[in-house]
Amino acid sequence: MPPNRMAELRSEIDEINLQLLELLNKRATIASEIGKIQAQHGSQIYDPQRESQMLTILQMANEGPFSNETISALFKEVFKATLNLEEKEARANFLVQRKSADQKTVVELPDGTHIGNSQFTVIAGPCAIESYEQYDEVAAALVEEGVKVMRAMAYKPRTSPYDFQGLGEPGLKIARQVANKYGLMLVSEVLDQSQLAMMDDYVDMFWVGARNMQNAFLLRAIGKMNKPVVLKRHFGATLKEFLYAAEYIMSEGNDQIILMERGIRTFSQWTRNTLDIGAVPLLKQESHLPIVVDVSHSAGRRDLAIPFAKVAKASGADGMMVEVHPNPSVAMSDAKQQLSIPQFKELMKELRKLNTDLEPEPAGD
Amino acid sequence: MPPNRMAELRSEIDEINLQLLELLNKRATIASEIGKIQAQHGSQIYDPQRESQMLTILQMANEGPFSNETISALFKEVFKATLNLEEKEARANFLVQRKSADQKTVVELPDGTHIGNSQFTVIAGPCAIESYEQYDEVAAALVEEGVKVMRAMAYKPRTSPYDFQGLGEPGLKIARQVANKYGLMLVSEVLDQSQLAMMDDYVDMFWVGARNMQNAFLLRAIGKMNKPVVLKRHFGATLKEFLYAAEYIMSEGNDQIILMERGIRTFSQWTRNTLDIGAVPLLKQESHLPIVVDVSHSAGRRDLAIPFAKVAKASGADGMMVEVHPNPSVAMSDAKQQLSIPQFKELMKELRKLNTDLEPEPAGD
Amino acid sequence: MPPNRMAELRSEIDEINLQLLELLNKRATIASEIGKIQAQHGSQIYDPQRESQMLTILQMANEGPFSNETISALFKEVFKATLNLEEKEARANFLVQRKSADQKTVVELPDGTHIGNSQFTVIAGPCAIESYEQYDEVAAALVEEGVKVMRAMAYKPRTSPYDFQGLGEPGLKIARQVANKYGLMLVSEVLDQSQLAMMDDYVDMFWVGARNMQNAFLLRAIGKMNKPVVLKRHFGATLKEFLYAAEYIMSEGNDQIILMERGIRTFSQWTRNTLDIGAVPLLKQESHLPIVVDVSHSAGRRDLAIPFAKVAKASGADGMMVEVHPNPSVAMSDAKQQLSIPQFKELMKELRKLNTDLEPEPAGD
Amino acid sequence: MPPNRMAELRSEIDEINLQLLELLNKRATIASEIGKIQAQHGSQIYDPQRESQMLTILQMANEGPFSNETISALFKEVFKATLNLEEKEARANFLVQRKSADQKTVVELPDGTHIGNSQFTVIAGPCAIESYEQYDEVAAALVEEGVKVMRAMAYKPRTSPYDFQGLGEPGLKIARQVANKYGLMLVSEVLDQSQLAMMDDYVDMFWVGARNMQNAFLLRAIGKMNKPVVLKRHFGATLKEFLYAAEYIMSEGNDQIILMERGIRTFSQWTRNTLDIGAVPLLKQESHLPIVVDVSHSAGRRDLAIPFAKVAKASGADGMMVEVHPNPSVAMSDAKQQLSIPQFKELMKELRKLNTDLEPEPAGD
């Protein structure tokens, strides 16, 4: 093992990196001047023919070891970056990216509840609003356990067009009435930008489901709203795609975003999805946004809710989401994963055992 | 011991077999009714906890000689068979489901082009419309090769909000102008239901991309249009979810749907996705809709376009889609997978070798 | 929602289940008598022709809703179970399966260390034994932190035949010498049954790696040894396959097995594998064997070792495994995931914060 | 502003481009040397932490106009290109790697049958040898269809230790007797190196199953045999790992290796595995070894055998493997995927339709 030789080579690389950096920036300065000239003459900045010529010159000069194809690919990135610089450098810094070790976004709800501020927040509620009675019963139980934020799902994205699709606006009315009675904050899934204006009257926080994680129109429209949003990872999405989806929202001005890890689709079949718990520390490293873990959809079975709640807390997440229903076996959706109220109370008790930064023990319980 | 005793025992076994048969089918009938109730309430049919309860009851009642383990194993097979039956039945009433061996939907375009009618249709064109010149050059090459349907992408769904998002309506104007010049049909991706009315003036067929495969609002809105649609499988979607997405469209009255297999996301990293070629015969078994294979996005590398085109044809697909660009190395998106025009001509030549049901050899070539 | 109707149907199913149970056992009793007759006459028990006849009778009598194919499949299971009953019912109860809520196997090492007995055990050490100095330095650090079980890898299974394959027996000699000096227990990977006799002299516990999880010859051979074994899940194996691999060992008489979850292969690429933390509670439900989490290979990056250690503990695992190296950047394998000694001490400190059932705080630290 | 200024700026850009080119290639040369050192020590080439450090240095040195984000993005492309180069180089010296466009290994069997020599070879036979009658019946059918190579599986690797494990050496005796009667070549799975000497007397070709794809002891031992081998891809293995497994064999001197693609494990559940048909052209690009497609295990359902056979042929594979049984419904293993003899004949008929490089139409059929 020649650690010295390795260190030597690495320091050469570092030196070349800095030379490349200098050249790239020098190139950008010149390109920017060209861009200004073009702008004065009203010609488009993007000039594929000029790019093609430059690539030809480079390929003729190339002696390897990089192949001509690789050199083309690299310079295309340089061209693209240059174009970006000229057209939208102001926006090019990714907004979701953590800029310093202590940067963190704290999401604030109208009642003063904070998410992302070192407490572990529990979001709970039934999979779907089904009736006043059902919703009221759950709400009462949540309040007893000190929960502040309640699911208020009135539009359910379903695999089959014939499955229960939610109560719609009447459901939202029920939820608002119950929320006002108990002083709860509501979070509700929006499926299409056309719903935003109406839903804005009922809910305290929007929710973008997995199926819409890459619906650019919806993300941009929410980016223009003045309200927090929970953004759920698609079960097939990489963490990069997840962060870029958040960027769609934030690039429109709304930074009140909570990321939600919810399990990914793998070959493993004893759970509905595979909880990707590594996503929590990785997203924390990359982004300043709060992150919560969905312990219901990740497992798809209620007997894992308590272990997953403990795991979520241990992972450093800012909170978790769990589905609670007065009578899960007759629930209109997700019957297998919703907790009954006693099961939910058991879960909260287990969480409280872990330590003291959770909401305090309910009085008189 | 006399052979009579053996015959006697065997006839007892035969008798028990028939009783088992009757009970199994009776059980299946009841389970099927339960399945229908669950389907109406949108709950998943597979219920591991109910199965667990049943096994516990059986194990407590079991007096041998079969061990509890064996009884569990046998009943798990019964559960699995029942589940298969219920799922098959649940799908039987779906509109996308094939009802007889020879049922097939043929999609017809305004110029009389048919897709799904035993010919192998090639859909081609650049990843995105970039300019009149670029689009015209590709169109001319397609016409030379006998292609009738051209990609006309003016809205690009991108991972990053800062990437090139397409030319928008001006791009559609370019595409229509070029299409009219050459007599080509246009297919174009729609990202949001709000675009449908405008796009309806320019294009001959809509395209729903992977990211929108489960955007129920968009699917339903297209279901109300009087125009064919290509529906692309999400890279994380099961075939069941894919068919159910088509059902969203068809349930609104539009049956002019072409399914597009495009590769799924797996652990394998030498290709962008893993082409799931088994999807073609399986979707053919289940559905009467035509199916085409995207040979560009499934591989994500142009050196696989020709083998994948051959494979698509051999699989029984109704056609394929391939990206073609005059100068792929400067393309504004998907640079690594678009074919150059000579590469595309090579692909068409290879396809023509396979047999004669493809578009005829271009004249004067 | 008609919960009454549902309950009614379910109770009918329960009734049929019990009738099926009775018939199946009656059938087994008769078949067992036939088996005895056949044995007396020296004929083989397995009789495919007779099975084929029975299937034909059943298919002719079958009126659905189960298809003939399904009925055949179900009865084939019955035939197989009957055959199993006759030939090896004694073994048919899976040994790894938990038989009661409080059943648990505690693995005991020669120095009295217990794994699976409510304490959280840390197994640590370098990826591979490289030299006396390297191994001694790590051992000293482990002892300071109260660790009792050390990795002693002398045979490395590598993807490439040209990669470092371990020091072999000389490495084991080093490890034993160091272990004796510090009073540590050794666990070491065995790649082939031919190594067992030799390794038995050096190590306190065997280790079956992921690549050998389904090597039946090796598993059976270890099942005959009188020494505990760590069995690592293959990154592509389901939990059922993992438990069945353990059964191969246990069916030969050795129940001193520790299961190790180590991440599965998914599309996600920011970590080497995806830690399947749900495996811990699920395996605990199914089996009485202790389970530990490999926090090094699951992430493949050392910056996740601390969060994964916390998560492992929270999940209910009996312990964890972490790679530690005096100078990870020059390690001969797994350089990116091994912890330095200070990083390992930090990890142990974080674990001790969680609660008190870990090994006590080291003296004089 | 005068066009001269524009030309001037552009020529400055051209100059910088060439300097960048030189630096990039210089950097690649050094990185390649680092890669070689890493390869010697068996560490993975991809090192996210080193990349992270380099980016930090660059961001600290960056003075614009490119933003830190853009600089990161550009250098990430450089890292990626470098990584590709290093990995390509690392593989270049591998024996399994194709060194020229026309290099190909042709496997030759004792009867003169060639695999990999432009013909499409069909390997067929029952999942397991069960009896003389069963084996003889299949053999007769294979010979009628012109098949030369027959499966002769006497040792079955099974998930459960209690499942049928094969007839062992008596099975091999049956197979040899039948093979001699019909002039067939035999291929048989070996599970452990201890079996090689005995099996060498009975079979014409060894077979390494998926579960043993990374059993280094077995691979090396086969590498020392003077007999061809079929090497089956593990369902969780990347193509790189698959080629490296072949390298284990070839590095010991045996180049008579046939690679077998058999489907990978994905989230998709309508087939047992997902046939990775892209593996065929990719392995052909990388390696000179023949490759065949297992159409039985990839699908796990016999109704896909014919489409998969066609697809295999279209993909450029050198052959395929299919399971055939006289009465699949009573087969002792893999009942769902084995073809009956009439189904097999149908498959061969369909293959013959495709073109003429297959074995000729059987005489008198």
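Chains: A, B, C and D, in written order; residue numbering restarts at 1 for each.
Convention: a residue touches a chain if its C-beta (ideal position, glycine included) is under 8 Å from a C-beta of that chain, and two chains touch if they have at least 3 such contacts.
Predicted, not measured: the structure shown is a model, and the values here were computed from it.
When chain centres are set by their Cα atoms, the one at the greatest distance from subunit C is B.
Here A-C and A-D were compared by C-beta pairs in contact; the pair with more is A-D.
Taking each chain's centre as the mean of its C-alpha atoms, subunit B lies 27 Å from subunit D. In terms of their C-alpha centroids, the spacing between subunit A and subunit D amounts to 38 Å. Residue numbers of subunit C whose C-beta contacts span two or more other chains: 1, 6, 73, 84, 92, 236, 240, 265-267, 269-270, 303, 330, 332. Listing the residues of subunit C that touch subunit B in their complex gives 1-2, 5-6, 9-10, 12-14, 16-21, 23-34, 37, 40, 50, 54, 57-58, 61-66, 70-71, 73-75, 77-78, 81, 84-85, 89, 92-94, 97, 265-267, 269.
Of all residues in subunit D, those touching subunit B in their complex are 236, 238-240, 264, 266-271, 274-278, 280-282, 285, 298-299, 303-304, 307-308, 310-311, 313-316, 354.
By the touch rule above, subunit B contacts subunit A in their complex via residues 39, 41-44, 47-49, 130-131, 134, 157-162, 191-194, 211-212, 214-218, 220, 234-237, 240-241, 244, 247-248, 251, 265, 327, 329-330, 332, 335-336.
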